[in-house]
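Listed next: structures, encoded as structure tokens.
The same subunit A turns up in both complexes below, where it pairs with subunit B and then with subunit C.
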Partner chain A sequence: MRWSRRTRRPRAGRIARRPGRGLRGDEQVAGWLFVAPMIVVLGLFLLLPIGMALWVSLLDWAPSQGDPFAGGGEFVGTDNYSSLFVEEGLARQDFMTSMRNTFYYVVFVVPLQTALALFLAVVLNQRRLRARGFFRSAFYFPSITSSVAISMVFLFLFLNNGGVNKALGWFGIDGPPWFSDPTGIFHLALARVGLQSAPPPLAATEIGGLSVWEWLSGPSVAMCAIIALVVWTTAGTFMLMFLAALQDIPVEVDEAALIDGASTSKKFWHVTLPQLKPVLFLVLTLGLISTWQVFDQVYVMSQGNPDKTTLTPAYLSYTESFIGQNWGTGAAIAFVLFAIILLMTLVQRWVMRDRDRPRRARRTRRPEVVRP
Partner chain B sequence: MTRHAGLKRGVFYAVLVFFALLYLGPFAVQIATSFKTSPDAAANPLGLVPDPLVVESYLRMFGLTEDSAVPFLRWFGNSTFVAVTVTLGRVFFDSLAGYALSRLKFSGRRVVFVSVLAVMSVPGVVLLIPKFLVLNYLGIYDTYAAMVLPLMIDAAGVFIMKQFFDSVPVSIEEAARIDGASVFRTFWSVVLPMARPALITLTILSFQGSWNEFTHMLVATEDPDRRTLTTGMAGLFTGGLSSGTQYPLKLAVALVATIPVAIVFFAFQRHFVRGANEGSVKG
Partner chain C sequence: MRTTMRRTAAITSLALLASACGGGFEEGSSEGEGATSAEGNAALRVLIASSGDAETNAVNAAVDAWEEETGNTAEVTNSADMTTDLSKTFASNDPYDVMYIDAGRFATYADSGALYPYGDQVENSDDVYENLRETFTYEDELYCVPKDFSTLALVINDRMWKQAGLTDADIPTTWEELATVAEKLTTPEHKGLVLSPTRDRVGAFMVQAGGWIVDEEGTEVTADSEANTTALTYVQDLLQSGSTAWHTDVDSGWGGEALGRGAAAMTIEGNWIKGAMQADYPDVDYSVAELPAGPDGKGTQLFSNCWGIAAKSDAQEQAIDLVESLTSAEQQMTNAEAFGVMPALQSLQDEYAEKFPEDAAFVAGADHGQGPVSLPDFEPVLADFDSDLAGLQKGDPAAILESLQQNGEAALS
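Moving on to the complex of A and B:
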């Protein structure tokens, strides 16, 4: 919300400036010179590589086969893509497994981190809170530390006889061997109610190389440890966004609700939350975009193990290329991931634009009312 | 009534303290563990008092023991080089481009700006393989140039600077221009000094971002001599040291690797807060 206000301010300035245009003869050249470094760097290391990778995704290529842009590697058309979706084989199975894992990861991380961030923000926004700065720093600090360093700490905490299981032990809970347990938590829950193994129809029906039973596994116990880490680290950033939005809510609104005798929880659901809707959308979509990209934590903590249940498309694309030397497949996976994230981004832009429009209309209308 | 309110307050602070423990606990455990022996760390993973208290991890890290399996100083040096170079580059080039996009009238400006917005939404992780391809193609794979050049300018930073210049009145620059100063001269000695708050934010975000950069370093280098703290630490797990239970050493490395960013964080906290909110447009 804040930034959109800021972007609009210059409009008035630009109109005022217009008469002084005569001064700006050399700005043609200067303008292009000023943006030249940016165009070179972003073009060379962002746009060009995307084009190159698109080409490589149509090849059967590895660096040992020479320059892919001068005939190295074999052109295979869309084979790399169909090997991910249609053709039976290991490539499809791995890819579909990674999609399943990441789907559950996203479905758990996004709501949890949003809820935690909102909760922490509401708590920190209490007017008579002492040591607010201290708590805010504590909750935000993990967000700015290195994902690799923090993953190391969590790996230690989630060891079989590590801190987390020790703490669970205080409450009489026998913690699982986190990073070596590939069981899906939905399967665990079903086992509790007596469904120890797959019912035959679910085991027999396959979609994309995985049985329906496997699709319905839920995140594995190992993945849950990664989910816990990510929720814990990223909530701080989103908490700051909620906090900024909460501070924008006029005090009168709050007081009016209190005078009307609304209880704390009623006030939250019916007064505060509706006002937070825009930032809530922003946080949810930013969450959707970033969670699909999960890579660092998997690389450091689990390398896709156990039993491929923490494999994600980003990590799979890396290993297919750098380790498996199937660069075409790796590039194809990257583009599928790109398409998914682009879709999320478009949804976000669309939602945000829809939200901006009425405000803009109001802005232009206001002077007309004042003028007469 | 007051007793009820007091109880509520008590519960409220209890919840707050619980979350504070949840957030500070891991760091406390990390610090304590870095001073433990391996057996002690394994036996008392949550113990905050090392018994016995040893500094062996730190000695090994800084190469003061016989076996220096962890070339920590090399990693630290590489990370410092990357962070300083990238930060300087970003602060200068981002503000240059941001200024041009905000103030200078040149044909094609709108197209350039829209492209910057489009580029900002390219997810970093999708660029893993493309980046390797281009670095390999340009023949700079596994060099220091490959580590810093692609990071020298970031679209999000350009965006932040443009937003800032948009919000500053033009009158002062106009005066300088009328006095006959060139565009660059005006930018350098009139505009930049005014942009201090935005430059501080950008410096901090760039330093933190490049110090913590992992995926780019992973695909840009393979020589162990060019490892930064992030790739070095990650190698501790996937490489030769992964089998051992050398958690005190690993956590000590992770701890010292976090310190520079922590110092910056506590020194410039409010700028981080602003950066987080400005970065929210990043999408």
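Moving on to the complex of A and C:
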């Protein structure tokens, strides 16, 4: 019955799957055999460790207590998770601080690096530009250099008497002690307009162990240095993606737009940019994922200091586990981070969905293609 | 149907594989039993976190001598990242038999049953400084014997000292004198005193004021005491006067670097500074003095590593024998000469002070030194305290200590 109904209203792709011993019945075995090595590798090195970590996140466990799968550690249910969100204490305070820091970090890094990458790609895509190869390598260079090495260089640049502050000094600006200044830049801006300390209602109201005033601090001066570093290093990678997409855009479209009398800026916003949408989605997604997971730079440059304003969930997960020996909490943080990244990506997919051509309209207008 | 069956088969085999891998771990042997012993000659594995070639060579030589004497074998591995390697070794079924255990992390490992408490089976364990014995005692059992120890002292740049017109008579013995001297030593180019914003340096002032983060038994948090507030307020006054700064404020990685680069006239560091100064700043002349006394008299901080023996080791008897030979009075003096550490035995105090007169201030600290806080789950609490200390100059000492008190109590309960 169901079969006949399907044949009447076929959907693309579905019909190829035939049950039973058909023309391609034996291919299934071969198919599984071909996929088997990958399934084993993925299962062993991806699914299994994820499952193990999930189990550990439900335990009060340290490696010195023996095998967590043979009774080592105490099962505490979701205690590790509630210590991050509900229970008052240091764990929640640290976690929420890391959330705030990383939120500001993402909010600054993702738009900045995407804009910079796009700008560089558009510049490089101009046919009149000389020495394109040189600039392309130069912009891409930071991306292929080790992040630890670059972090070390930035550490020297941002010293109190380092290159950045000396350069600022030429313009008569007294640079801050970058990596020891925990003041948030929103707080600094508010101080400029005369709001030196927290207004009582903001200081008194707490969300997740941090006062609203603390939530609104913005990235600290130290975090700004890290933001600058990351924008500078990753923009090159994304520039390359934009560049590839730009070179895919047919010249005719550009010319047609010019003939129609579009100005350069109109052409960019209404002709070029819409065609870059899939790449923009890719760049934003990759950017979101990597920024939420920021670890190397913090590990090398600041270790969460000053005053925990560069603490990030990934780094906190590391310190909780390896240094604090609270592996359960560390694993729980990792899973919360995973959920956040998943959620952010879904939200972003939804925001960037194709609004111009709703599905229903497309289906009624176009005849469906029936594949053999 | 067939697809479903195959899928089930695939998942089952995956699950089987998973359980097979999970079987790699096994439960450790329970503690409290007598020492395990290998049949015949034992093959021990030793994990150390060496401070440099000198230490690695000295340990290797000592282990070789023991191998020759007993017929057992022991393989020494040097770890670049001790916390990670210890986590790995304790999680495995076949851990290193003997390893360095840091005093600050000791309780975490002892609490989880990863260490075999052998301390009292070692002959000269009574000779170990009382403070150090306490540091490595958990629930009334001496778990391991220290290999050596370090204390904090005031390290002074001789040239700057003379330039400021100071003499030996001016070496500070009280807090007031320290503040005065730091003021005099401060110039636009360098600070009078530079130290690190951590409980491992500022804590010395707490000891001198008669306070500490926990009580003597290590069962109660005593952070918000009057004495601790006095200590932090004093350090805050130093910072606010401009004569003193954190090492981060003078672009240095630690106090020794600040002293060596001439950014500081004085710093508070341990005896490890000797090796660093020799290697990196051989031209800088410096001398070492005891830390000044506070309202409660003299006080300093004590750091140490002990030789831990794994609870899961299957040759504990041989391991104890190895540790005994590594911590013998003779060996500890050899180590002192080889890589500049201080022997952890009281009977060697005079001999050491005679041989290394320039270290008299460090070794004197053994009598009034306070070991690190060593409680399970305390690491994040102390890290939070450190991060608060960095903001001490503009902060409120009482509030900092109150938050330490609350977090500490939460961690202990």
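The working rule: the second predicted complex is superposed on the first by the 297 of 372 C-alpha atoms of A that agree within 3 Å, B and C clash if a C-alpha of one lies under 4 Å from a C-alpha of the other, contacts with A are read in each partner's own complex, and residues count from 1 in each chain.
Just so we're on the same page, contacts are C-beta pairs under 8 Å (C-beta built on N, C-alpha and C of every residue); 3 or more make two chains touch, one makes a residue touch a chain.
Model, not experiment: these values are computed from the prediction.
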### Task
Once the structures are superposed on A, label A:307 by its partner contacts, choosing first (subunit B), second (subunit C), both or neither.
second
### Task
Mind working out whether A:45 is in touch with subunit B, subunit C, both or neither, as first, second, both or neither?
first
### Task
Using the superposition on chain A described above, determine whether A:28 touches subunit B (first), subunit C (second), both, or neither.
both
#### Entry: First, second, both or neither for A:228, with subunit B first and subunit C second
neither
### Task
Go through the superposed model and pick first if A:160 touches only subunit B, second if only subunit C, both, or neither.
second
### Query
Between subunit B (first) and subunit C (second), which, if any, makes contact with A:149: first, second, both or neither?
first
### Message
Per the contact definition in the header, classify A:180: touching subunit B only (first), subunit C only (second), both, or neither.
### Response
second
### Query
subunit B or subunit C: which reaches more residues on subunit A?
B
### Query
First (subunit B), second (subunit C), both or neither: which does A:72 touch?
second
### Message
A:330 in the overlay: touching subunit B, subunit C, both, or neither? Say first, second, both or neither.
### Response
first
### Task
Under the contact definition given at the top, report the residues of subunit A touching subunit B in one complex and subunit C in the other.
28, 32, 39, 44, 47-48, 52, 63, 67-69, 159, 161-162, 321-322
## Note on the structure
subunit A contacts subunit C in the complex at 19, 28, 32, 36, 39-40, 43-44, 47-48, 51-52, 62-72, 89-91, 94, 159-162, 177, 179-180, 182, 304-308, 319-326
## Note on the structure
Contacts from subunit B onto subunit A in the complex sit at residues 12, 15-16, 19-20, 22-24, 26-27, 29-30, 33, 41-42, 45-46, 93-94, 96-97, 99-102, 104-109, 112, 116, 119, 121-134, 136-138, 149-150, 152-153, 155, 158, 163, 166-167, 169-170, 174, 177-178, 182-184, 187, 208, 211-212, 214-215, 218-219, 229-230, 233-234, 236-238, 247, 250-251, 253-255, 257-258, 261-262, 265-266, 269, 272-273, 276-278, 280-281, 283
### Task
Give every residue of subunit C touching subunit A within the complex, in rising order.
1-3, 6, 10, 14, 17-18, 21-22, 25-28, 83-84, 86-88, 90-91, 93, 105, 108-109, 112-114, 246, 248-251, 376-377, 379-381, 383-384, 387-388, 390-391, 407, 410-411
### Task
Flag every residue of subunit A that touches subunit B in the complex, lowest number first.
2-3, 6-7, 9-10, 13, 17, 20-21, 23-24, 26-32, 34-35, 37-39, 41-42, 44-50, 52-53, 56, 63, 67-69, 120, 123, 126, 129, 133, 135, 137-150, 152-157, 159, 161-163, 166-167, 232, 237, 240-241, 244, 282, 285-286, 289, 292-293, 295-296, 299-301, 303, 314, 317-318, 321-322, 327, 330-331, 334-335, 337-338, 341-342, 345, 348-349
